[in-house]
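One chain, subunit A, links the two complexes that follow: it is found with subunit B in the first and with subunit C in the second.
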Partner chain A sequence: MKALAATFFLLALATPLWAQDALFDDMGGQPGINKLVDASVDNYLADPRIKDVFSESNIDRIRAELKDQFCAVAGGPCRYTGHSMEATHKGLHLTNANFNALVEDLQTAMDSCNIPFATQNRFLARLAPMQHQVVTR
Partner chain B sequence: MRTYTGALTLLLGLAVQPAFADELFDSGKLLATGGVSQVEGAGGGGLANWALITGYGTRDGIGANVHYTAVPLPDYTLQTTGVAVGLFDRLELSYAWQAFDTQDVGAALGLGRGFTFHQNIFGAKLKLIGDAVYDQDSWLPQIAVGLQHKENDRAAVIAAVGGKNSVGTDFYLTATKLFLAESLLVDVTLRETKANQFGILGFGGDKHNEYSTQFEGSGAYLFSRRFALGAELRTKPSNLGIVHEGAAWDLFAAYFFSKNLSITAAYADLGNIAIENDQHGAYLSLQAGL
Partner chain C sequence: MKKLLPLFLLVPAAAFAADEAHTVVQKGRAFRPAEVNINRGESLTFTNDDEFIHQIYVQAPGFAFDSDERNPGQDITETFTAPGTFEVRCHIHPKMKLVVHVK
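Right after this comes the complex of A and B.
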């Protein structure tokens, strides 16, 4: 009986290691995230404040890497294998205003994907600290 | 260093490149993250100062705004008009002009109907550490210090009610944190003050004439990028013998039409003011800026 209780206890502790994060599901799983990334990147490319940042970029690769990264950040079953935030943004000299433009475009995309505001904020809370690596100017 | 470079670039830039003004007034902050204008003209909520620097300038830019606030109470009307600038998301400078109309109470006290106290309020706030928005991986709030220097134009009446001075300076330490995953903004501020009713009845009094530490705080829940509902509390010293001065509180709704215009509506309870109890009612504030 004691052993059984101990086993359950250990299982409860270990569960988060393989359980999927609720946020990933709340964002519509991988299909939802794919749709969100495509809508976001479309917004970035149409935004006069930041579109020039992407002029030398391989857009298809950015879409693919963001789909992996957003999945991982939301706690989904992916591993982001792209470059570090520092490395990808080092030469871009992004300002704080540029970073916030990216956030606003992402928010607009989340609206268009019908992701509820409270869920949007749970996701943005995990991205927000990246400001420290992304903004270099 | 960034600030010095920015100021220098401003001087040079304005001289040679008019378009640079667009870059300087970058309106680069996220919507609502400059707060609104509190009752003494600083960036904050309604009653409480916040650690956020007013306006929408980022660390590379300047933000500025004007505001008008009206608090029609049962026996008085308080109005504030002000202007504030946020420099490089680091330093905030503000000026507000307050008018407190005593209406019929003025007549009852022999001051004359509609006798009005005025205050000039000069404010400065310096952000020390932390970022309320980006530091979501840390418990550290954004922390700022500031002062509000107030000059009241009714020294004789202030002396008659037991006030010791018509000029006073408040000093404050403020911490503000956005708990983004919970869509919750929390502010806690400590204020060193001698002010009677925000300074409207002067500073220090016959009962108590030392600085005391007072608390003010806000909590707001964000329902959307544009809309927040919240509550505030502000304690005040009770320095005058003529009346016990209690805490003020409010329940507020803020709506941001854009980075250029916001409106705050509240139910505010300012407690007893001079000879009249239960001074509660609407609070309405408009802010326009960039």
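Right after this comes the complex of A and C.
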């Protein structure tokens, strides 16, 4: 019994805190996330509804931070170290229309990356709570 | 004495002007003013009066710094230890540019 407990204890120590889940793997792991972020950002920059939101921003930095954030949201082995959604979006004065355009562009990117519809919905469900942190007017 | 009085009154005004010239405000994703003149060894205080997080950096031969990020309402002071003309930039907002002439 003691040996069993010790085994469980050692296993617990060996398990990373981030507890990688299936969504991350279903999205293609880090290469899949990277591809998705690049496709999404390309869509944002080409979308006349929201492209101006990014006109003053460092796009390379946004891509890098989104890759960490999407990875973390999907349950991958990343830690998002960027600022809160409130802090980064506060001055942009985004509307629900802006947010919806962003989600549409993300869905288009997920389609182009061949992410299955059910997987898309699982990922979007994790992003949905950010809506009220991003939309400020 | 009458001629001395105006000169005496000018001293505090000049000191105030010099103090103002050493403060740069970050607002509307821009530096205000966009160009300043200072002497070697003097400092500039950057006040984030914006709705965005900012940071500042200089990458020049012989003089460079790269600050932490500052939330709205926070200040950061940097001392310019080398003479020359430097561009101060923000990693987050690449269009922000301040030109600093250091004598």
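The definition used in the following text is that the second predicted complex is superposed on the first by the 118 of 137 C-alpha atoms of A that agree within 3 Å, B and C clash if a C-alpha of one lies under 4 Å from a C-alpha of the other, contacts with A are read in each partner's own complex, and residues count from 1 in each chain.
Heads up, the rule we're going with is that contacts are C-beta pairs under 8 Å (C-beta built on N, C-alpha and C of every residue); 3 or more make two chains touch, one makes a residue touch a chain.
Keep in mind that what you see is a predicted model, and the values were worked out from it rather than measured.
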When subunit B and subunit C are modelled together on subunit A, clash or fit: fit
Subunit B versus subunit C as contact partner of A:58, first or second or both or neither: second
First (subunit B), second (subunit C), both or neither touched by A:88: second
Which of subunit B and subunit C A:117 touches, first, second, both or neither: first
Contacts of A:46 with subunit B and subunit C, given as first, second, both or neither: neither
Touched partner set for A:100, first subunit B, second subunit C, both or neither: first
Touched partner set for A:22, first subunit B, second subunit C, both or neither: neither
Angle at subunit A between subunit B and subunit C, C-alpha centres, nearest 10 degrees: 120
Subunit A residues touched - subunit C or subunit B, whichever exceeds: B
Touched partner set for A:125, first subunit B, second subunit C, both or neither: first
CA minimum distance (subunit B, subunit C), superposed complexes, angstrom: 22
Contact residues of subunit A, present in both the subunit B and the subunit C interface: none
Complex contact set, residues of subunit C against subunit A: 29, 50-53, 69, 71-72, 91-95
Subunit A - residues contacting subunit B, complex: 95-97, 100-101, 103-104, 107, 117-118, 121-122, 124-126, 128-129, 131-132, 137
Footprint of subunit A on subunit B - complex, ascending: 26-31, 58-61, 89, 131, 133-138, 180-183, 222-225
Residues of subunit A touching subunit C in the complex: 56-58, 61, 83, 87-88, 90-91
